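All chains are identified by letter, namely A, B, C and D, in their written order; residue positions are counted from 1 within each chain.
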């Protein structure tokens, strides 16, 4: 099978309708802050951001597929590469790399060295448990679920917590085949 | 057999030579088999009620895909007939033609299926379906009032789609 | 050498004040900053025809004392920046350049989603950037 | 488009929250986009700034039409407002309803985009407040994809 779809998102990124970068970054910041005010518990905010990300991911996948011309996402390894190289470039304008594959190819890390979401951000001491970019893990989870891959995603490194990069661990739980939705005797 | 190969996507309209009313009807299903959209332009005969009609169409695709994959002479890796596949797994068909109509089909890796039934003498419509998929992204997925997984009720999508289908030759 | 910089909110509430001297004249510098605020108000309300262009953010030299020169800047959002320097021969262009960079640092600092408008600026990044800008003051034109 | 979707998927975030989020963003942006420009002399000057420079930064286009009654009310119209350009509902859905219900449905069609416009209103309000202008901002999406914003300056 020849490789399908593009290997980099640069060309697509250039064509995608873009929203003003500062507006995007500041809006995300304002949302996080509003959630902190409303929910009080940092854990709850993490959960909510993940859920919002998931809701976005399940929509974003179709735009990604339509614009990137990726026609199949069956192999997890290939899909992870495409998400990192093309997906992140297309929607965030940054390139991510995929590393730390485990032996059976079901777990890897997506590493971001640059992340526009955190421009200007300094976490106050009261928010130390906050995964500020948790929306990203939700987006990836939602998008992968739409291409039949149930995953578990967690943060390994976070620059707002003093690490040198952002690292998301993506663990494939199972691939769900398409079921025939109607009962035969109906 | 593989539907849509590695060609560049065309955000612009695929060229059409002549226009007319070649489109009969169109279905959009999601990965759960929910019929998100049924649109009809030219269908003189209705034999089934709408629900049965959708079910029949979905069943046809489901079985045909399973059969085409099973028949594939180029690959070893096959599951048993009727066993569910991942969207995009195995080979698939992109169209078939009868003496009275032509059916063109595409499926995205996210399981969105677009089926366009047209006049039997229409040309290769694979690019057109990709274009319709792009319309779906722009006017349905990006419509904040639309809830994923529910039937599509977006005026902008319908009008743009109708206009485009009229141009198909 | 710059001895003190300050950011003051539109109700004359101090948002950031930092002195850069070893001596314990912080109190004196704060007093100078405080006094300069009235000059800013006066300057804005009664613009001199000979002074800088009408409504320009850069207000120029507010007043010289025996040992210091005090410069002012007023943003569109009515936030005042004050600069106190011991240099007696200061180029206008250097001061303008200083305020431009200082303003950019300020804008980024208030863009932190956790910063509350009207509250003091506690950002470490901002403090570091200010210190860099202060250190490089006047360098560009002297070579 | 994407930030629009962020909150679009959060129906439980009430209008006031969305407005507050927009306010914070507008407040911050106004500081950024007024850097290196002279201070405004009056309200009209500031409103013009919103129509031209501010709108251009955000949407790569200016407000198409500005009207005022010269007593503190300004109407800013964008003939093709980007954040609602993909928004539509099917009117025929309510085709066979009685007159009364049809009116209710129409109200709904107006209200829903309204929720999404709270963000834009918040942005404008936050920006103007930071420029020293206390005001109330509302949106009129009845002519989609055109959209008008009404700014009422508080005396």
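Operating definition for what follows: a residue touches a chain if its C-beta (ideal position, glycine included) is under 8 Å from a C-beta of that chain, and two chains touch if they have at least 3 such contacts.
Keep in mind that this is a model prediction, so the values were computed, not measured.
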item: Pair with more cross-chain C-beta pairs in contact, given A-D and A-B; value: A-B
item: Centroid spacing, where centroids are CA-atom means, of subunit A and subunit B in whole angstrom; value: 28
item: Subunit B-subunit C separation of Cα centroids, rounded to whole Å; value: 64
item: Mean-CA-position distance for subunit C and subunit A (Å); value: 42
item: Per-residue multi-chain contacts in subunit A, two or more chains; value: 22, 26, 28-30, 33, 59
item: Multi-chain contact residues (two or more partners), subunit B; value: 142
item: Junction residues of subunit D - those touching two or more other chains; value: 1, 5, 9, 24, 28, 32
item: Contact pairs between chains, per stated definition; value: A-B, A-C, A-D, B-D, C-D
item: Residue ranges of subunit B touching subunit A (in the complex, touch as defined); value: 3-9, 11, 31-34, 55, 58-59, 62, 83-89, 108-112, 130, 133-134, 136-137, 141-142, 148
item: Subunit A-facing residues of subunit C, complex; value: 108-109, 111-114, 123-125
item: Partner subunit D, residues of subunit B touching it in the complex; value: 138-139, 142-145, 153-158
item: Residue ranges of subunit D touching subunit A (in the complex, touch as defined); value: 1-3, 5-7, 9-10, 13, 17, 20-22, 24-25, 28-29, 32, 57-59, 119
item: Sites on subunit D touched by subunit B in the complex; value: 1, 4-5, 8-9, 86-91, 93, 112-113, 116
